[in-house]
Structures are given as C-alpha cells and as structure tokens.
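Below: a set of structures, written as structure tokens.
Look for chain A in each of the two complexes below; its partner is chain B in the first and chain C in the second.
On to the complex of A and B.
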C-alpha cells in the first residue's frame, strides 16, 4: 500500500489545486454579495463564458453541429495559445460584468432577494442555451497547454514524497494563488478596496461622504465576473467543456465556499475554498463513496454551528 | 409506485370499448386488417387504432448526453423514413415493404430522458398513456434502460433497448417485454481479456476505477472475472467513482504506480473523457497500460488527444465493410451528411427489427411479436450472424475490439481502428450461467398468461 505521508502530501496538493478553483469562484461571488447584497446565480454562467472564451482564444475547434455549423462554419477559434487566453478571458469577463451590473443587477438592487435569484438564474439558463445552440452541445477536450513561459507542462513532474504530479496542476495552483493574492490586496490595501469595504458596512454613509459608490459597484461586479471567468479558464484547462459545466462545476462550489467562509468575506472565501478542496480530496482518496456525503454534512454543520461562516459578519443571506 | 391507476383504468376501458367497437364493425364489414385485428384480446396499447402506429423514441435530449441522443434520434427517424417509404435495410428485408408496418404508417413521438431514470420513466409513461406508443426504444444509460423496461413490462408495451451495456439489463433486471441487441459488460470482458493478455502479457496486476452505478458495477466485476481467468492477472483494488465526476485527480493519485501494470477506467462517455486525459497528465501511462473497456464517439471526440493506443470495445463501426453496414452508413450519410455512430445503428436496428417482427407475427399483439423475436436468427444488422436468445433476450453477436488512433492519423469521422471482430462463438454464456442465470423474464401477458 501507499505510505501515509505520500497520501497526506498528495491529499494536500490535490486539495490545494481544487481549493484554489473553489476560492476563485467563491471570491467572485462573495465580493458581489458582500458589497451589493446581490445574489448572483449567474456566477456559474460567467465561469461557463470564461471556459468557452478560453476555448476560442486557445485553439481552433471543429464544430459538428449548432447554429454556426448550420451556417457553414466548421471551425472556430483563434489558435492564440494559453497565454493569450490568460489575458483575454479576464478582460472579457470584466466587460461582461460591467454590462451585467448595468443592465441586470442594478435594476434589481432594491428588489427582494427572490427576484434577484430568479433573474440571475434565468440569465444563467439563457447563456447556457445560447452557447449550446450557437456552438453545439458537444463536449470539447480540455484546453491545457503543452508549454507555458517556456516550461513544458504536458508532462508530470516527480515531486519529493508525492511522486509524479501533473506539472500543469502545479502551475494552476501558482496562478490561482497569485490572482487570489492580487484580489485580496486590491480589496484590503487600496483606496478602491476601502470604499468597497465601507460600502459593505454602510453604503448610505459612503454616499453621504460624497463617494460615487455606484461606480465602485460596477467595478466590484466586473471584478467578480472576471474572477469567475478566470476560474472557468483554469477549470477548462483540466476538465472537458460542455454547456452544463456552469451549474455543475461552478455555481454549487461557489455557494458552498461562501457558506463555509462567510458571505462577503474575502479571507473567508479563500479559507473556505481551500478547506473544501482539502476535505473533498481527503475523502476521495480515502473513503471515496463518502466524499459527497461528508462535504455536504460539513457545510450543513457549518450552517448550524456557525451560520456566519468562518470569517463572515452576519448570517448567510442576511 | 407512482403510477396513475385511474388514468390507466380509463385507458383500458377505452381500449376495451374500442376493441369491442372494432369487433362489432368487423362483424358487420367482415374485414379487420392486419394491425388492428381483433383475434387477440386488448393488452397494453394493442390493438392499434387508426392508420398510424406510434413508436416512442426516448433518448437524452438535454444534459451531457444530448449529442448521443441526437444521433440516436437520427437513427430512429431514418428507420421510420425507410419503413414508410423504403430505402436502407428495409429494401433487403423480405418481410418489410417500405409501405409502413402491417399497412399502417409509422409515426413517432420523442421524449427526453435527460439521462435520468426517473425522467426517462415519466417520459415513457407519457408515450404509453397519452400517445399510445406500441413500442418504446431508448437508452444511453443502463440505469435509464432498466427503469424504462420495468415500466414497459408492467404496461405490456414492448421496449427495444438501444444503448445499454450493463449485465443487469438482460441479467437480474431482465424482462419479457424488452430485447437487447447491444453486447454487455460480460462480453466486453470476454473480448478484451485475450487481446490484452496477448498484448501486455500474463500474470500482471491491475487496478480499476468504476462509475458507481449499474453499468460500472457490472463492468468492473466482469473485467475482474476475465482478466483473472484469462490472463491470470491479479486485481489490486477496484474503486467506485460517482457518476458524472469531472476531476479524477484524487482517485488517480491513489493508484499505486509502482505495482500497477494495467489501469482499467470503467467510465463511460464523458466520465472517461475526463478520467483518461487526467490519468495521462498524471503520468500514469509512463508506468502502466490504460484500458477503457467501452468506447463511444462522445468520449473518443472529447478525449481525442489521449486515446492513442488505448484498447476498448465498441458495438459497431461505420468502417465495417459488410453489405448491411455499408447500406446503413450510406443512407445515413446521404440523409445527415455525416457518418453514424454505433448509437445511431443501434437505434435504427431496433426500430427495423421490431417492425420486421410485427410483420412476421402479422399483428402488433405484443406476446406474438415477442415470440417472433425470441430465438430469432438474423444476419442483416451489420454484425454478421446474430441470435436474439429466448432465455434472456440478449443478442448473441460479435463484439468489436478497438484501439484509439494517434492524433495525426485521426480524422473527424475516424478516431478508432478496429483491432478484432471477436466472433460470438468465443463470447457469451449459457442460459444458466453468467448474468443469464439471474434472469427471470416474467409473463407474456394476454391470453398466454
């Protein structure tokens, strides 16, 4: 059998990698929820868009059905490589976030949460169906690169204790942690972040101080969207793409993450994501059939014992 | 059971009165016509009223398997077209005229299973109750096929299995009203084990991951049985993974690469499209051989860069050069401008085989149609000689062993090469052995029971 220390090391590494994606997703959702008290069920759709934009930028893809195919388009994509996708995807996500805030979120800020849930869930379905109809419902291969920054990431690397580990997944951990750190710094250490945090506590007072909080709202929403799109790109680099991934792989983990970490808390999203990642990884590797049960039990227990989450200031949805 | 008994009894009453009416009219006119003949008592949706006979095509139209469902629908609709207007296999089947079935035009209703047994059962129930389908066909998941065939048995409506590979479908869960032409996990083991033993050697150690539902469970059990028996291989462990998992890294981390010679990924379709590339990323292919026992097009496309040299089995391939495979492929290509997947052939074949059985029985009366299919021997479905066995309704047929092509040899329509068409003489099991030993088909219904 595999020695215990190898198990623990690979559990931590796999957990960190999975947790980094959860944290990215939770981060985007939590800053929108915390700042604007807006529940965005279209967060998964932004992940989906990020994955597909990544696919378009990354390589040329052959179509076999869908609207474009019926118009005679058999291949789509720019074959620009992964670095280009790393740049383009967050920008596109940011742009979509700005538009979404202006035309979808803003009219619903003062409406009940149920209205917000319905409109964003509807939007998520619309995005999913549009992608399915235009590009086709096919499942596409993951878009992991062969090389990045001159490093060959298609081969596994031999790590001490763990043994062979996919080198691309190590990169994912690094890239995700960098993005998470930058976001954390932006929220905690910049004037923009201060305004956002103040807006979270008391938006009316911020307005009275003469600060245009609405502009910050747009930026926060766009930042959250960019993070979700980025998570989509990272996710699609290790897993297949299909129109269903937004809900299956992004929305649920994002909500679980902020339930554990605490709504509106940046630190909470990071800690919550990592914790969930390690729990899933540990259970999968030891008692795989219990992985999902333990995951949801853990989240349920969190809701009972500590409803405000690890770092939250109030109850979820409050 | 959530069945609406009120609705059923109303339907039965209507059926019975319809038959009584038809019998009365027959008495007056002295003529009934083949399909609506009243020589048999009403059962299920028999007798068929009007000029049309309805087939229900129950496939995944939403969710991850919608592409496979779409190809199945293409097969079904092509069969319907050929049954009504001639063409394809219909032209060479002596019982079929290309003028409908038993003088009735074939109509169809479509349902969405969403690859979910409950959704599939509800959809089939609607086809039976509302649309009066005389036959339902579908699949793309063994859990779905098993759920629907159970319903069909209780409703006395014929079910023609499309894509279902679990041993249970014609084993412990078999029913009288269902037939399966597709091979099963047991036969996959029988076909693959000798090829792999020859390719990789004997006395090896293997490790399995399997999708944790009906198909995956029987698949891993069959692999264990035949790898152990044929190649004298030893299993290290067999680990369940939830159906629909997209990240297998933790499972793969647990594979002891030092001692494992062969990794068997008992994942179907999109599960395999994730597990196979991730296993290769993890470097496992450097230390061991990887096998994916059941291929489908969805998986081959979505893991195209990873399938090189990977062995598996397939139901059929458009690359086969026999007369029936060529006829079907040509007709399909003319109609849809692409080559058919094996799911499409299964769909097409189920529809045509059922129609031919009705013609042979000269009635839609289900027990008689079932008897026509039982022990039916045929060689006109693209797989050489086949027998639809009476004891478990499992076709005894050849199985293709295939291997993934290198990326530079792949084309849009050709991703796999056929390694071997394993003869049915080397496959299968007796009626009192293997999965068939657990099969009890249940009653025919009607006047026979």
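On to the complex of A and C.
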C-alpha cells in the first residue's frame, strides 16, 4: 500500500504537467477571444501543426503511407533534435498565426459568431485531412529527447515525497511554466499588453486614442498561435502523434479550459488549465475509466454554477 | 436597423393572419394548399430519388467511366441524416442556437432502440422508444444549456455529448459493448416480421433500387417534412425565427424566451432521435464513434450549413451532398490524380469553408439567389422568409 501523501503528490505533479499544456492552449485561445472576440475552432489544428513540425525537425521519420509515400518519399525530417524544434515550432506557429489573422480571421471579425465557429471548424478539418493524407494517418512515436542542455532526461529522477518521477516530464513542467509566466508578464506588464487589455475592454476607444490596434491584433493572434504550436510540441514529446490529436487533445481541452477559467481572462486560462489538469490526473490515477466523463461533467457543472468562470467577466463570448 | 424592425413587424402580421386563418377564415384553404404542396412535392422526390441516384447516376457512370452511381443503402442513409438535420435546422437556422452535442440524442436513441429490439423486435416500436429516450434526455440537457448562449451554449452541449460518449466507450460497456460496437440488433421486419426490411419493395427487377427499409425511411421523412413545415409556418415557428433574429425584442414583447428556446431544442432532439433509431435499424450496428462522438455532431452542423440554414430543403440537400461525397465521390478515380479515397473529407472541408465564406445561406440559398438573378428578381418572392432571417444575421 502506497502512503496517501505519495498519491496526492504524484497526482499534483502529473496534474501540473497536464495542466501546463491545457494552460498553454487556453492562454492562446483566450487572448484571441478576449482581444478580437474571435472564436477560433482551428486552435487545435495549430497544436496539430506544432506537433508535426516538431516531429519533422526532431528526427527523421519513416513513412509507410500517405501521398508523399506514394510519390516515393520514404523518410522525412531533419534529425535536428529537440532544441531545434523548440526554436522552430513557435516561429512556424507565429507565422501561421499572422497569415491566419490576415486572411481568415479579419474577413470574419464583423460576421456573426456562428460564422466564425463554422469557418474555423472547416479550416481545422482541412488541416487535419492534409496531414492525414500527405504524411499518413498512422500513429507516430512521441518525440521525447534523451538529453537536453547537456542533462540526461531519459532516466527518472528521485524526488522527495513523490519518489521516482520521469525527469523529462519535470523539464516540461519547468519550461511550460516559464513560457506561461513570460506570456503573463507580456500581457500584464508591457505597453503591448496594455493595448491588448484595453482592446479587450473597448477596441473602438483604443482606436480613437490613435493606437493602431490592428497591428496588435495580428501580434496577439500570432502569439496565440505560437503558444498552441508550442503546446503541440510539448504534448508530442510525451504522447504519440496522430492526425486526431488536434481535436481530441487540444481543441476540446482548450475550450474547456477557457470556459472554466473565464473567457478572455489570462489568469483564468492558467488557473483553469491547472485545475482541469489536476482533475484528469487524479481521476486517471484512481478511476481512469471515468476520467473523461468526470472532466466533462465538471465543466458542465462549473458552467451552471459559475457561468462567468473563475476569473471571467461573463461578457466575452456571449 | 429599420430593416430589422420591419422584419419583426412583418412576422407579427403574418402570425396574426395565419392564426386567424387557422380559426376558420377563408385563408384556411391557401394554408392547406401550401401544406399539401410541400408534402406532395416531397413524396414525388422520394419516389424518384433511389431511381435517380442508383439507376440513372449508375448508367451515367457506366457511360463516362466514373462510378458516380449510388449503392442500394445510400438513399435510405441520406434520408436518415436528412431527418436529423431538418430538426437541427429548426434549432440552428431558425432559433439561431449552434449545438455541438446533437450526437447525444442521435446516439442515445440508436443505443436504446437497439437494446429495446432485444425485448420487442418491432421497428416501429423501436422508433417510438428511441425517440422517447432522446426527448427525455434533451429535456434536462436543454434545460441547463439554454441558460447560456453563444460559445457557452455550444460548449455545454458538447460537454454533455462527450460525457455520454466516454460513458458508452468505457464504464457503460456492459450496456453498449464499448469499443467493439453494438451489433445485437434484433429488429425483424415490418408488420410483425411479415415483411423483411432488406427485401425489395416489389418483385419487379427494374425497381430493385427500392427496398422495404427505404419505403419505411421515406415515410418517416415525409412525416418529418410535414411536421417541420407545420412548425415553421405556425405562429410558434415564427417565434423561433424571431428568436434567431433578435432575442431581446422577443423578450420585450413579453414572450417567455427560455421556454421557446427549450422547445426548439427538444423538437430538434426528437428529429435526431428518429434519425438515430432509423440509423441503427438501417445499419444494424452502432459504435460510440458513429453514434455519440462530437464529430458526428459536427457532421450535422456541416450538413445543415452546407445545404443552407433557414429553409426546409437546404439541410436535406446538405445531407445528400455530404453522404454523396462521403460514399460515392470517395470511390471515384480522377485521371492524373488517382482515386479520391480518403481525400473526401478534405474535399468536403474545402467546399464547406468556401460555402461559409461566400454563400452564408448555403448551396440552396445560393441556388435560390441565382434563380432570382436569372429570372430578374422573380425568385426573391419565393425566398422572402429565409431572406428576412439572413438580413438579420448579416448585420
């Protein structure tokens, strides 16, 4: 029999790791929703792209089907290692975000919310299908490295109370928390963040003050996309990759996260992500069959009891 | 803004005149005529549909070398999804609520009907039971979800649907057979098993495309169209439409917004329940992914929007396009590119994005506009009601 505090400690640590990914996803979604009042159902597709770009940069992958395979390409990727992926993936995400804002989101800012949901839903479908058809619909191994920054992260590390814990997961927690903290600081403590926050409240007023809010919009969208892609890379380093992960592991959790935390709230996305992460981790370690059910019912309950979320104003997204 | 006001006052006027008609005025005949027309036209299409899809398209396919003909189960499948999206459109197209959880009603009806068939293997009673379960489920889910709007409503319906999906997949496997899918469906034929469902409707070889199950589904479809048409053209349906255009206004008039939204939700779930039951009778198999997963809900959304919200015909057209692309076009082989195969979802996604972008009123709405353009505004009169809905949305 394992002592109770060990269980609790490992639940919290696993929850932190899962929650960090949810928080990254929710953060990206919530700043886009909060600033532009744009609902992006393609957020999961950005996670998916992040994961697959990570895969390509990280190692050479042998293809077994898909369009590329039928054209005679049997291996793709650069064998660049995880550090390279850590640099490339957010940049790619950022670039896609810029393009998406310009060519997809902008024409839809003034259209009904339902249209925004529908067009991004279709876009997510397209991205998933492109990856499925070009690279193949099969499942790829996760892309966790052996060493990073000279540290060996392939072995578990002994922690107080918890005992052995995979050191790679520990590294993920640290790096995700750093990124979350940087994003939080960028929005709470910089001039750019101030404009973004003001835009959330009243974008017209900001425009009247002579601030080019459209430029900030592009940046926010790109930042959100980069965060989602980064989450995809982190997720792919511990879980297998397949074209479905965009919706299953990213889009739905991201929406649950911001709904729990409060749509448009940065603090809410972080807290909501962590809370959901701990719930999933606790249920997985105890009654794993019920983990997803409890997760969804918890969110439903949350929406009924506290519709504005943990930190939300209740105005965004209605 | 003035447009909006006009639309609402208009709606009120129509509602009055129609309720007057219903109480025995001279307008009764015209309403009846309209009803009759819709039902007869639908019946006519249902009669020729399998022949067109299987025999005519098949013959064209044989001539051109592209296999574009439908297989024998396809007409029924199109109608089954057609029934679902007719109801879904009442919610999305008229009341303006986007649900991402209607698979819950589709799937729960399918599962409960399948389980019920082991006790009483009557297809008709299966429809009754499946629909009843979907309705009873829609009541609490709707009651809770309707309180929120916009993305919160979408997420709430999604969470309930997903909770059911994971239940059917995991802890509920004793009931649903989990990931293996449920195939012990004991539905015997119609009329106490006298007429097997898979049998051809007539012994004539030329009419082989017509099966008993198709006739059964077609009758259900006819009922669905009739009911939906009655709802849409009733004062009750006009309130749904008004809700989609301007909820506050409806509230100011003194109507109970919550009640009408809940009814729209439940009515749409009834259609999904009928569709779900027909699906399981038709397929003889149900799996959590085909029945309850949120992608299925998303497919309902795609069909409805693709065909065109806010009209009776649009969503059914969408269901046809969706199923035709999924089941027939996916088997077509293009010169130079090769078989479309698994690319069908990509093609569909691209078409969907294009439609949402360029024709927010869907394929049917676009066709209507085109006809209106060609006949010099003649079609405008035809599409006055959907046009009013759209005017409100576009603002």
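One rule holds for everything that comes next: the second predicted complex is superposed on the first by the 315 of 318 C-alpha atoms of A that agree within 3 Å, B and C clash if a C-alpha of one lies under 4 Å from a C-alpha of the other, contacts with A are read in each partner's own complex, and residues count from 1 in each chain.
What we mean here is this: contacts are C-beta pairs under 8 Å (C-beta built on N, C-alpha and C of every residue); 3 or more make two chains touch, one makes a residue touch a chain.
This one's a predicted model, so the numbers in the text were calculated from it and none came from an experiment.
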Would chain B and chain C fit next to each other on chain A once aligned, or clash?
clash
Touching partner for A:307 - first (chain B), second (chain C), both, neither:
second
Report for A:292: first if it touches chain B alone, second if chain C alone, otherwise both or neither.
both
Tell me the contact category for A:239 with respect to chain B and chain C: first, second, both or neither.
first
Thinking of the overlay built on chain A, is A:156 touched by chain B (first), by chain C (second), by both, or by neither?
first
Can A:43 be said to touch chain B (first), chain C (second), both, or neither?
neither
Applying the document's definition of touch, where does A:137 land relative to chain B and chain C: first, second, both, or neither?
both
Is A:59 contacted by the first partner chain B, the second partner chain C, both or neither?
neither
Applying the touch criterion given at the start, work out whether A:166 contacts chain B, chain C, both or neither, answering first, second, both or neither.
first
By the touch definition above, which chain A residues appear in both interfaces, chain B in one complex and chain C in the other?
137, 289, 292
In the complex with chain A, residue positions of chain B that touch it
63-64, 66-67, 70, 212, 239-242, 244, 246-247, 249-251, 253-254, 256-257, 270, 273-274, 277-278, 281-284, 286-287, 298, 301-305, 338, 412
Using the touch rule from the top, collect the residues of chain C that touch chain A in their complex.
92, 96, 98, 144, 147-152, 154-156, 158-160, 162-163, 166-167, 170-171, 294-295, 298, 301-302, 305, 342-343, 345-346, 348-350, 352-353, 356-357, 360, 393-394
List the residues on chain A that touch chain C in their complex, please.
39, 107, 111-115, 117-119, 121-123, 125-126, 129-130, 132-133, 137, 247, 252, 255-256, 259, 263, 289-290, 292-293, 296-297, 299-300, 303-304, 307, 317-318
For the complex, which residues does chain A have touching chain B?
1-2, 7, 10-11, 14, 17-18, 62, 64-65, 136-142, 144, 154-156, 162-166, 168-169, 238-240, 242, 244-245, 248-249, 280-281, 284-285, 288-289, 291-292
